[in-house]
Structures are given as structure tokens and as C-alpha cells.
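Letters A, B, C and D mark the chains as written, and numbering starts fresh at 1 in each.
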């Protein structure tokens, strides 16, 4: 069995033609981060309303810090840093860089550097990066190319966080401001009834192959046994979740995991995040401001605990990450991604068959986020990227309306703590085959 | 596939001869709880030094409440409760009994009922239980017998907790009192070098069969694929763990899971729980008081985080719960259990082959505590026994020096949060087969 | 102006005949502490239900530690301590003894030493103390005598705390056990209307004179100006306080100090501590268990915030500590003290004139607990007795039904934080003279 | 004795000529608030680094809310509010307005309204206020005039808070940005030795007279007795405080009040706020950025606990607020105020006599902030201005380098909690006369 780490996962063979492609791809990714921030006021850039959602300014700087730390400092001779304290201010959690990092819960307390200075920092990084891509010696290129691809994927992840964090911050404001009031909406419709798709399972292989980029947590590819099962053709909708609420789901302790019930009581949860009852009608906060709840849309911004309680109430369960991957293997990336610019999950399309496995909402699985057999994190700070989080979190699959389409694949493993709700998180049911 | 719940797991066929056996077994189990408390002073019975470790008095009462709630109230006509408030005071966490429960973190604040009153409560329960076992109508017997077996296993679990909680409370006292100063000790020895045992794996079946009693979390029995692997012949010892400490293990962030590193820093962990450095020598608190650390004993009272960090440092990993179960299937229950009355893990015996899979120390596995496919909790309060905890915890296997030998089996799944250390918890390494 | 410290306040002249008297007084005081604990079960001795209320066992040991630390260790050659760790375990808060102290909030976590061991400790101290009183060289006697008198007054203070802490602990138990069920009760009566007593004031002297024992916080005696004022003849009663409650006093933010309102909301205060509404009737927890509220009794177990809010509601104010002292100067100690063995405040007697200034309930004054001009704490640990608390607390005057009559005097200053309620605390109104 | 409330303290006689003066004064005060914010970046306006220091944007809006709430809404017929939610967002703590208020600790989480919108709000208020001043009916004028004067003094208080809060926020940033780098500095000098000024005391009158504006907490004027005392001619300096530090002041528990010692240990205090040791030299954060510590300047940003510990160390004490007022009665307002635009305390001038009683640093007194005898808060929300804070705080006197000179007077009472340090707080010693 092949062990796999961040430093070995990409071999030169896959990438020898990549220099030009990466030189073109780099500015595209960089530009999109700034484009996402265009609707913001200066005042919005510094907001951190909860510890897990960072300020937009911090995201813009941190993704730049990533290139500086893992590419410019090690591979550019006599590289001049933009500011000597930025390695401390914009490191997120990498313990092994030696710089330490500004406390995560205080990211919103840094009015300086200003927004303009952060944009200047980005320009400094971009200029240096383009020179590095152009001029880097061939001997360094394989490592540089791999790290660059990680850096670009890393920035894409932060683009998704930019969107979800902005939504979180704006929803905290009692004025409920819109990020982009002009975002389109769909007419309110009732969802089609839920249909089930049966899959045979068997002794299958899961995990990434070497054909394309992947993160180290997607390998080693290995065999697992999947028993026959049925999978819902689409995610659970707002309308279906409303029936759970109306049936007293949030008051019925027997439906909940113990840790989930504790948080329901402590936080007074009565509905998904961003839902608000106003005069007997349900509304939800969106990136376009407050909108009436659409029963046909996938339910979103629910925790693992809520997904699990719903499944228990419905007499079903969540799929495992391997059931999901097996079902998704030959499915098209047909859902809505960030490029579609809805920034909100849309109702499932009509017709038969599995739908929306990709895009719209991340889907909680019933699988704990653990290392694949034989996994070993890379040595050094870059090895902290994924490996050190393999405890206490659950796997989500498929991407969302805030994910880049070219960022996602069937083997992609996202992970969050079971109480977290601020991502575009929904779920799909499974059950044992008859 | 057969779904399985607490109410259906025991069928009459397995138990038709059980009435006499249970009538004999019941007083044995009950007597042992009281025997464990015999060395205590009255003052010790009420102690709760940390929220997760309950007072001995509470354990004695709670196990009695279990019989009262699930057997005497439902199956004894006109049953007279001992005290109307005890259903509230001695319920642990069952939300669906309707009584509510006294807050867990305040169990140590109840001087009343007194110890004498709790023993009187036990006598009241015992008299009623023996009558029920003798007189219960045949139609009720299957359910009564099943619940009684659960109740007895439940009391055995609390006997183990009595021991570990008393150790925890006594260790908190700066006088470090001995629970039983006369407990035997073994000469200090050096451990034999670690050897490895290779296993072939394959598509195997895991989970309980109907041949003996099991908890609902051990079923449905189902197939999993296990790749070839190597398993250490014995758990890691104090001496080996000391080498990790001396190599700076607790200071090396690169070895730790992120959540584990946070707790190492926050709590100032520098060694396993109960280890103390005095004048350059390591001592450990035991149920016999402070004793010099024996390098040959299995390391004990370590969290999952410490077990995982050690494995990373050693270039190995923890086994999955299925690897462990597969390896343990035909092994004898050869380790030390509570009946051996050492109340402390002993060094592994000499010789070749897998050793100490059972007894001495619970072994952390690398598996999250999740439901087996098709698992469904029983309806009602009894269904809360295991199911609602299937999130955020890890599986441990094999039992410890504080477990009853007749309580354990290869399919038995214990579970704790990854930061917990006060049980007799150790670990064994695994690695990919060559 | 004379400065005054604990070490100089008692001059030999006042005490040259005191050796025999103190030798007789010492065992009386010591015996009373144990007498107060006689109704306790062993289980009750270790209780600490809130941080500010210590376990009875701790009180019994701590007062003994005081003699050991300030008398036996310094004045008995070759004194043998009872246990080397007790100086650490039973020091309360004296930073300058060098021993450190066991954390205050964990006093309830020490099952050992046992109750029997603590009584043995007391006997050890008593034997040594009686020898010291008998044999102490004349040159040491003045200091020994002063410290002994402080030690006895200190034990009297802890006797009051024993009573109030036992009440607090028992009230926390949902069984509401009685400390002494046989304590007498008075028939429910209506209070007589409140009458006012007018006082002329002027430039007066306040603080202790050298005629009797006093604490260092009662001196230097000094002049203050008191304007003419009126003082209520008796404390506010339960019946009067009930009218405040029924008028929405606990809901009317305009009546409350800001810090008080914050705690009302945070703690959900709706009535004095120990009041409980059952089926529309008010009951209160007493040392004899639950009893119906007597409207004629002084209201008790109210915080400064509640006393102040009531006064605002009534259009009055609390007296200053100097107004109180001026009014109390020539009043008899006519209220109920611990020697009267009611352990509960009684209704004011009939008739004209100031009543109940002493005994029954401590009376909150509107004065902050600050040093008198020229006050200086004694050097060393004994100087921590009173001085270091002269911030953030309010002065209470007059003693309560749990205070020893020979412990109290007009100049006596008690002090608590404004939110504290577990002492026998009530209040009396004042207003500007017409 | 005359009782006094906010609604009665200003009688028409004092103010019948004030309409033109107030019409002129209003824009001056308003303009200065905006002038103080001119050096800020947009990013700085929203900062709240600690709960007690509000964002500049919030200050700008809140002072406008004050006019809107207490003047425009009640006195302008058909007044149109700028935004219906601002009464909720920018109320500070007035419980009786009925609007509720946004949580104080979340003031920094409101990116919207933007800075531009808040300035527009100010313009809206200003236009309405100037119309009200011009057109208000004569019958309303006395009340309007009084409330307007309160409103202007209120804005002056928030101007001081703007300065101190900006300093607090900038000091939290690891880049230590300067608010105004061009602020002047004085050469480092050694302070002149401390001299003492003797005062006779006696039965004096304290509190405000009706000759000028005052807050309700400065009355009723009343008699107090002040014994002869000596007062230091100037505040304690950085150099003197450094000697306390070097003598182990922060490590010597015997010098500290109990609550102070607790915070010293918990917070790790080792010096005044804003002091930093760099390479063995002491620096301090100022509004001009980091500067070397000037030993001749008054020590600043110390808590009451530190002031009291220093006094104990020095064998002196803090003056009472009445001693201070008595000493200050005929002194000129000769120190440095905000109009002098140093924004930092300056060394005391040379020469004999009392110096710097006014300006430079607020001086902690040893007096608790309590109501004067006969004080009664005004009914309604405006009565919450001062009265509800008369508990748990200490009085400071004299104003600082961030106070407006025309805001201060000998009877002015400022008040803060004893642990607070972020104002320009220093202290002056007193002692008993020989």
C-alpha cells in the first residue's frame, strides 16, 4: 500500500506542462477573491461576529500569506517581505512555521493594516508569484507547482468562506443588510415527493486516483465494503424540514444525540440558522437580505445534530461517506456552484435519478472525519493542512452554491464539527435496501 | 439485514432457563457493589471532584434506581417507591422518564439522603427485585429477564466507575489517601521488547451473535473489509511512554491532533493522569496510594490524543475497532480483571503471541463511536442507554483491571471522549502489513 | 490622632487580669462550635454548595489553624504540629503565612481528613492552647492575650458562618432537610405600622474606645458630621417587602442600581433568598426546614441591592453606618442572638422607640466599607484580617440571631459584597429630618 | 435640606439669557467630536477591543441619539426620526426608554450603519436641534435648555471617551499604530522631589452651588467634617512609580487589597496599562505611538488597586473626595486639558504649592461613589444618567488631558470601577497632619 503525503502526492509526470496553465490560472483565482469583496463597504472588511467566521480582510491577507510562507520565502532568493509582522498576523493555525499567530478570536480587532494596505499586500504577492512561476528553476518546479496548486485550492476554499462568513456577519446585524440585493430569486414552489434510488454496493475502492489534483486526506485509495442501500434522489427540502419542526422535532429529546440535545437547549435552537418567524411566516436571511422561505429549496444551514435528528424522526439515516462517494462516482457536476452566481441553493430539478449530489448544499454524511488507512501527514507546517483535524469532525461531501465547480470531485472530503451551521450545509437520507 | 434494539435483542429461546440463574446472579452483583465501598469512610461517599466522576453514594443509588424505573415500576402492581424524589435525584441522564434529573455536576452537593438511607434504599430494591424474579408472570418474563440482564450489566459498568471515580477523587486530595493500602504490587521490571503479530484480514463479519448477552450497540452484525495489518503483541508500557516524554513529546506540536494540542496547552499536560515527578523520579497515584512508576506496566490513564500522538511519534497508528475485534476473536480472556483484585494493570506476560487484549487496560482504537449499519435505538427511555452517545466519542475495546471478567467479550464496545483519561485507558499500536 | 493596628490595639493595662478569664472563656467558645455541629450527619460536614459558604468541617479545622498559626507556632517552643499539611489545607486566605492555601472553591472536595480526624485536631490544639495560656511567659502574655482574644472572636465569627453556611447547604438540597426540626416558631402575625424616630445629629465621635475589645477596623475613633435625620424604629418586615414584590418591585428597572439590576436579570431574582412560592403561598427555608412566611418578621436574606431598591420604592434611603452607630450608642443589646437559640429573626416587640438595632438581622447601611482615617493594617499575615477587604463591600451593623451577644457592640463593622444574601441580612430605613 | 434631581437642578433664572449662547455652543461641541475623529481611517471607526471601550462610530451616533431621545422626540411636534432602529442601536444603557438596547459588548459587530450614514445621522440631528433651539416655545425652554446643557456635557464626556477608547483600541493592535504621530513630546526629565501641603480642615460645605451647571450627583450641597491633613503638591510620577515596581510592588501581596491582588494574579499585571519593557527599557503606548517612559510625567493608566498599593507601600493614603474638593476650591484650572492638545499628561510645573489638581490626570480618591445625603434621581430614563451607578465605583476628581476645560469644576465627580485603567487615571497622596 502506498502511503501518501502532501509532498509526494503530485508527481512531475502529471504536471510537466503545467507552468503555462498555472501562470494563467493564478490570476483568475486571485481576481475572483477580490471580485467577491467588491460589494463590501470598507466597514464590512473587518467584521468577525463569531469566532469561526473570519473578517473578509483577514481572508484576503491570509491566502496571500500562504503563498508567501510556502512558496516565496523558501523558493525566492532574497525575497523581501511586504511587512515583517504579517507572518504573525495572517498565519491561521500553522504551529510549525515558528512565527506564532494572532489569536483567532481576535481577528476582528485589527483595524490596521487597512483594507488598502491589504490590497497592496496582495499586489506585492502577485508580482512576486508571477515572477516565481516564470523564473523558478526546473529543479524546484515540481514542488513549486504542487504547492501552488495547493495554494490555489486553498484560496478557493477561502473564497467559499468569504461568502459564508459575510453571510454570517450580515445576519448578525439587526438591520439585516443585503450583500447583493440584486441576486436572483426563484418563485416559491412545492417540492416534488421524495424518491429513492437503490444501489448494489459491494467491495469497492474509494479515495482519489492520480489523474487529477487531490488533497492528502483523499488518499490512500483503499477498499471498503458497502452493503446494498437506498439513497434519496435529492436532499431534504425546507418544506420537509418544516414538517419536522411542526411535529415538535426541536422539543422531542428522543430524536436527538445527547450532545446535540445539550446544544439545542443551551442555544435555544428552534429552526435552522438564518430562519426567522415573523408574524407567523418563516423567512430566511440570504445574501440578498431577508426572503420568504421557499419550501422547494434544499434545507440549508443545519448542523449534523439537526440532520441526524431529522433522519431519526423520518426513520432513515444519513449515508456514509463511502456510500455517497460510490453513488456519486459517475454523476455529472450538475448542481449550482459559485460560478452560477445564485449564492443560494436552488430547488432540485424535476425528473428521475440522483440529483444535486454536487453543488447547492454540502451534504452531511454519517462518517467521522478520520484518516484513510496508511495516511500520514507531510512533515512540517504544510502537513498541518488537513491531518491535524482528523478528530471530532464529520465528513461532508459534494460542494455547495458557494464552492467553485473546478474545486470539487467525488472523492473530496470536507469536514466540520457537528454543531456548525454557517456553511451551506444540508443533507440527504439513506436507508437499508429492502 | 436484521435491525436490532434493546427491546428485541434477547429472544425467549435464549433465556427460558434463566430465572433461577438470574435469581442467583442478582445478589452476587449487588453484593459486589457494596463490597467495593467497604473500604470507604462515610465522608468519601459524597465526593465529586470532577463532573465526569460521580460520588460513590450516587452510584449505589443510581444502579438501584435503574431496576426501580425499568422493572419495579412497570412490572410490579402497586409498587411502593422508597422515596418519591429519588426518581429525580438518581436518574442519570434519561430524558424520557419524565422525572427530570438532578444536575450531573451537582451530584456531590447532596449530603442527604445519607449513606445509611441509600443502603436502606438498596435493601428495599433488592427485596422487591427478588420477589419480582420469583413471581413475575410468564408473559412478562422475557422482557423482565432482558431488562434484568441489562440492569446487572449496567451495575457492573458502575462498579468499574466506582473504582475509577474513587481513584479520581482520592488523587485530587493533596494528602493522596490510599483506598486500599494493602493492594499487592509487583517488582519494578523492564518491559520485554515490542513484537508484532501479522494478520491477514479480508471481508469479515463483526458484531455480536445471538449466543450470549450483548448491548444494542454491538449489532447489527455486518460485514467489513479489513486489509492485512500488523498488531503489536502487547500494549505500550510506561517505559516506552517515558521515552516519548523524554523526547519532548508533549512539547512537539507536530505530533498532535489540533484539538489535542489545544488541551495540552490549556491544561498543561506533561504526562499521563496520575503521574507525578518527585525529586526527579516518576511516581503514580494508585488505589493503594502513591507508588513508583513501573516501566513494565501498560501505560494507563492516557487520552486518545496522547495515544494518537505517541503513535505518530512512533511512526505507527492505532488499530481500528474492527482490526481489534478480528484479532481478539479467538483469544482467551487472559488479562487481569476486577475479580483478580489487583486494581492496577500488570506487566504483560512473557512469551510470544498477542497478549492482554482483554483486561488490564482498555485500548483506544482509531474508530469513532458510530452506529452499526441498520442500528436503531429502542423507543422510550431505555433506548437512551447507548444510542444517543454515538457522536464525538471513540471506541475502546477489551476491558480493564476494573472490569468484571464476565462483562466483557470481543464485540464489546466501550466509548469515551478523546480527552478523557480517568478510566484505565491504554493503547496498542498497529501498522500496515509489509 | 492615634493610628491603630491589630498588634497595638490592646494594651496590657486592659488585660492584666485576663489570664484566668481567658482560660475559662477559651473552652466555652471552643465547645460551642462543636455543639453547633452536633445535629449534623457525617455527610453534612463536607458540603460546599456555593463558593462563599464553607463546609462545617473546614470551619472546625480553620479556627483551630488560626490558634496554631498565630499562637502555637510562634509562642510554644518546639511545638509539634498535628499534621504538616494542615497549614496548607486550613489556611483561608492569608497570603503572608508562606504556606499557600487550598483553593477556596474546592473546600468541599476534601473527604480527608475525616470528621473524626478534625475533632482530634481540635483536641490537639485545645490541649496545647490551655498549656500556653497557663505557662506563657509574662513577657509574651500581652501579645498572646491579644491574639487569643482575636482568635476567640474569630471563632465566634465562624460560628455564625457555620449556621449560615449550613442553612445555605441544606437549602440547596431538593429534600430541604431540617438542621433542627424542633426549633421553636412564633404564630403568624401582622406587623405593627412603621414609626419613625428623629435624631438631632451634629459633630460626633465614632469608632471604638479602649474600654473593651474591638477589631482594628473600628478605629481610629474620629469625628464625623451627622445631619439631623429620622430612623425607622424597626427593620422592614416580610409583609412590607411582600408589598414591594406585589407592586412589581423586581420588574421595575427604575428602582435598581445598575449592578443590582444586572444580577436580578442574570439570576432571575424574584424574592429574597430562601423564599419559595408554593401553590400561591410564600414559604421560606429555615434551619427548621420549610415554614410559612411570617409577615411580622424582619425581612431577611436580602442583598444590598434589594434593600436599596426597596428604599427607593418607599421614597426613603438606608442609614449611613455613622447614623446607625449614633442611634445605637445607648441602646441595649435587646434583640435575639445565637444564645437565645431561635436561629431565625423574630418580630419586633411592641411599644415605642428604636427596636432590634442589635440582633435578629444584620442591617445593611448605605456606607461603603472603607478604612477609618489614619487606619493602618498590622504588618504580617494577621494584618490581612480586616484591612485587605476594604473595597467593594458595604457595612452592616448590629449582629443577627446567629451572632454571639458578647461578640457585638455599637461600633462593630461587618461587611459583605452588595450581592450577597446568605447571611441573616435585613435593613432599616432612614430619611432626612423634616 | 433641598433635594435635587436632574429635572430641577437648573432653574429658569440662571438660564433666561442662554438661548443665544446655547445656539452658539451647540455647533462648537458637535464639531469637536468630528474633529477628534478626523485622523481615523474608516476601519478604525468600528473597533471595540474591550467591552468598556466603544467604537468611535458608536460614540458619534450615541451622543446624537441622546438629543433625539430627550429633546427631539419629546419637544418637536411630528419629529421624523432618521432611522427607526437607531433608538435601539445607539441607546447605551437607558432601561426606561422602552426601546431596549443593542448589547454593549457587541457594539463592534455593527459594520452597518456605515460611517457615512452616521455622519448623515449627525447632520439630521443638528438641523433639527438648531431649529428646536430657535423655535422652541418659551414654556418649554427651561426644560429644553437644561436637557440641552446636559446633552452637551454628555457629548463632552463622550469626547473624552473617544480619545481614551481610541488609545485603548490602537494599543491592542500589535502594530501599535499612532493616532496622531505629530503630537508634541517633552524632553525626558527627572521629577522634582515631592513636597507636602498642609490643610486645616474643619466642618466644611461640599457639593455644587447654583452658580453654574452641575450634574445631579454633585448635590445636595452638605456639610462634612474634614480633619487636618497634608496633601501632596503634585501627583505621583512615572519615576516614583517605577521605584515601587523595582521594589517588587507587584509581587508583594501585603501591599494589596484582596480584590486587587486577585486581579494582579489573574491578569498578570506587572506595570501600569500601556507600559512595555523592551530590551530593559520602559516604553509606553501613547496617542502618538510608542514613546520612551518619561519619569517626570504623572503616572497614568493605573487602577485604584495600584494607586492604593502604592500608597500603602509609601506609608501614605489617598485623599477622600472631600479633602480633595476642599483643597481644590480656590485653585485655578491650571493643568492641561483637551484644548491644549497634548493628549498626554505633562510633568508638573516647578515652584511651590498645590499643582495639577485640574487636568493632566484624573485623581483616584479613597471615596466610594455614593449619593450625597438627600440625593434622589430624577424619574424616568434621564434619571439613570448618574444615580444607578452609585455602587461599587470610586470617585475620581479633577479632569485629565482628555477633558474639556469648560467641563470641569471643583465639585465634579467622576467614577470608575477600581480595576479600570484605560482612562487617564493617576493619583495624589495624602496623609494625616502632624
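FYI, a residue touches a chain if its C-beta (ideal position, glycine included) is under 8 Å from a C-beta of that chain, and two chains touch if they have at least 3 such contacts.
It should be emphasised that the depicted structure is a prediction, and the values quoted were computed from it without experimental measurement.
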item: Chain-contact steps, minimal, separating chain D from chain A; value: 1
item: Whole-Å gap between the CA centroids of chain C and chain D; value: 37
item: Gap in Å, rounded to a whole number, between the CA centres of chain C and chain B; value: 48
item: Inter-centroid spacing, chain D versus chain B (mean Cα positions, whole Å); value: 60
item: Shared interface positions of chain A, touching two or more other chains; value: none
item: Touching chain combinations (by label order); value: A-B, A-D, B-C, C-D
item: Of chain C, residues touching chain D in the complex; value: 1, 3, 93, 95-96, 203, 222-225, 227, 253-254, 256-261, 304-305, 308, 317, 320, 366-368, 370-371, 373-374, 379-380, 383-384, 388-392, 418, 432
item: Residue ranges of chain C in contact with chain B within the complex; value: 41-49, 85, 88-89, 102, 108-115, 169, 172-175, 177
